[in-house]
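Before anything else, here's the structure in question.
We just call them A, B and C in the order they show up, numbering each chain from 1.
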């Protein structure tokens, strides 16, 4: 099985999928996870991958969020438990890789938004050993682009991994990489009843996902979000339609949402921005 | 086969799909129908499902349009002919379920926009009997969210149905539900040459789909839409580009469209709004 | 294998996919390529198909970009090498068909943006010989629409081709068509250091894809785009974030891009528009 995740939108995933179909057995399962990762945003994409891939069975995960495409940034393969991740060496693969090799005990404390360093094995790919896709009736010049490595580099790597039964250590076109570029998700600074938070992501519904662990909301029914008093709820529908609510979202963090509305717009908060949360005693 | 339909956009369908992959046989077919149902709009989503699923072979249909997620609204399974529908008990499954158990004769009269009551069997799900998905390396706190039942409740139900050969009546975690919450699509009030219509949906092209049966347009070449005279056509191209046209759409209802443009904007009509149509004698 | 490409957005592909599932063997692979082709834009869609399908293994390719749906434009099947294309007779299938039967030598000169005429075999479909999809519990009136031939005409054709082992010449519902409607991609007029270009497409990243062959940029590090001096780069990251760059894109043509921004907006250039490029001597 090969899963696909990118920030490509449409139609670029089509050619990438074509290369996978061309180079794998006809019984190989291809699963589009998303092609709407935050465009060119390595850290927020890393957050999403970390929240998605742990629910997916072991597979080869082709990940392309690659603002440095065509530069000297390397193509890497990361081994994480039974999962293999393929993508650029820009940090996007690391948070999810750490999560995949972790275990529930290690993470029972989520004061830290990121996972501890763990036995993630990374390999750098010798791209010259891979055959570049040549389209049917194609112009020689179109092969091996500098701007579409999803099609020309990463899909060939994923297909080659899918088709081989060799272990990563023995593949001649992989070399161990001791220090892949990392990307750490920022940890909220909490001090008693106050948290200095960062927005990790804004989802498609406009929900603002902070890096404050959900337990921060325990025992209070109201929080101060910067200067705004916001009720704490269990669900979106804990408040009237159009009203703001702070709740523990599906990722385990404090979210700032609006019932049937867009929290991001209501709070004026976007990815990477800072926000202060304060627990308010019940009146 | 499990089909997926939701109002999630991206990337939430990915985690839901992961749970399905994790819990079903590797040969199980998963089919993304759409994840762009009208967000949080139960009735308009119900319309779309009713127009889509009758074209799909019998399957387990996972449907998540769930503005009440996390409240005490129940998770249900609806048996409709050879199809099984899984989703929230908010009415979104009922119009399509009635359609799936209906037959062409019953519906040859579409004066009513909705289908007659029919033998739809519904079951309420005992969620406590289902195993909540726990992600690899996951934080205990992230399991069993109040805001993402697509991943934590509905996908597990769909997977369990796919994997069992038992009939619904014998599954210990299902109990018959005599009155699932219903959602009726509004019927247009027609009085001779006049119809008091409601907009059931606006499609991606901006076409305004009313609840007026297509036969309303028979024998006239012009209608009055509120105060605007609009030609009746057979196709979009019956009028010049940019011009409005009333036609019988692919759902059998009167649509208000613009050739190569957006009817919704041209007519100023959106979902759930009312509009009056009047048949005009040929000049 | 059947691939799907359309300008439908969502949710119309769902019903089309339902018809394919209903009418093909359960082991048939269905691959969504894209449903975001430029809406109603035959020429730009033809460009994208030509850049995508040569990377996809031989298959039946269902293509629906059909602004003339319901008029007397015909449904056709085009045989191109081992690929079979199904769609409307409006030219959208021809550029990719020519490409698929071409070969690298023929195309090593890409001065022409389009491919030479080639042995593309086209057939017109006798639609009356096809069974129109009738939905479960469906209203008779809904069958055989004038506005949704993706569901009612093209999907049935694709499914019938997938299910037959007969050659196209022997299928009774196909007749040879000597002159399918063509669509030629415009060729840039180049005169030494100047190119009079047309925008073939704007991609999801906002990159402006012209019809000027990439070699035009060889040996210069700056071009004049209408009146603006723009650096020539190898990659997006050749310039600072937010800065414009001209480069050879993944299709082999000169692209006008912005690093981490939208070239289309920065240059004010959209599909089909003209732009003049001039090679500037290094200062």
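Rule of thumb we're sticking to: a residue touches a chain if its C-beta (ideal position, glycine included) is under 8 Å from a C-beta of that chain, and two chains touch if they have at least 3 such contacts.
Predicted model only: the values in this text are computed from it and were never measured.
Rotating chain B by 120 degrees superposes its CA atoms on those of chain C, with the angle stated to the nearest 5. Of all residue numbers seen at the chain A-chain B contact, under half occur in both copies; the interface is built from largely non-matching residues.
Here the CA centre of chain A is 31 Å from the CA centre of chain B. In chain C, the positions touching at least two other chains are 32. In the complex of the two chains, the chain B residues touching chain A come out as 8-15, 17-19, 21-22, 26, 30, 32, 39-40, 67-71, 133-142, 145-148, 151-152. Of all residues in chain A, only 1, 5, 29, 31-37, 48, 51-57, 81, 98-104, 106-108, 110, 115, 203-205, 213-215, 234-237, 247-252, 255, 260 touch chain B in the complex they form.
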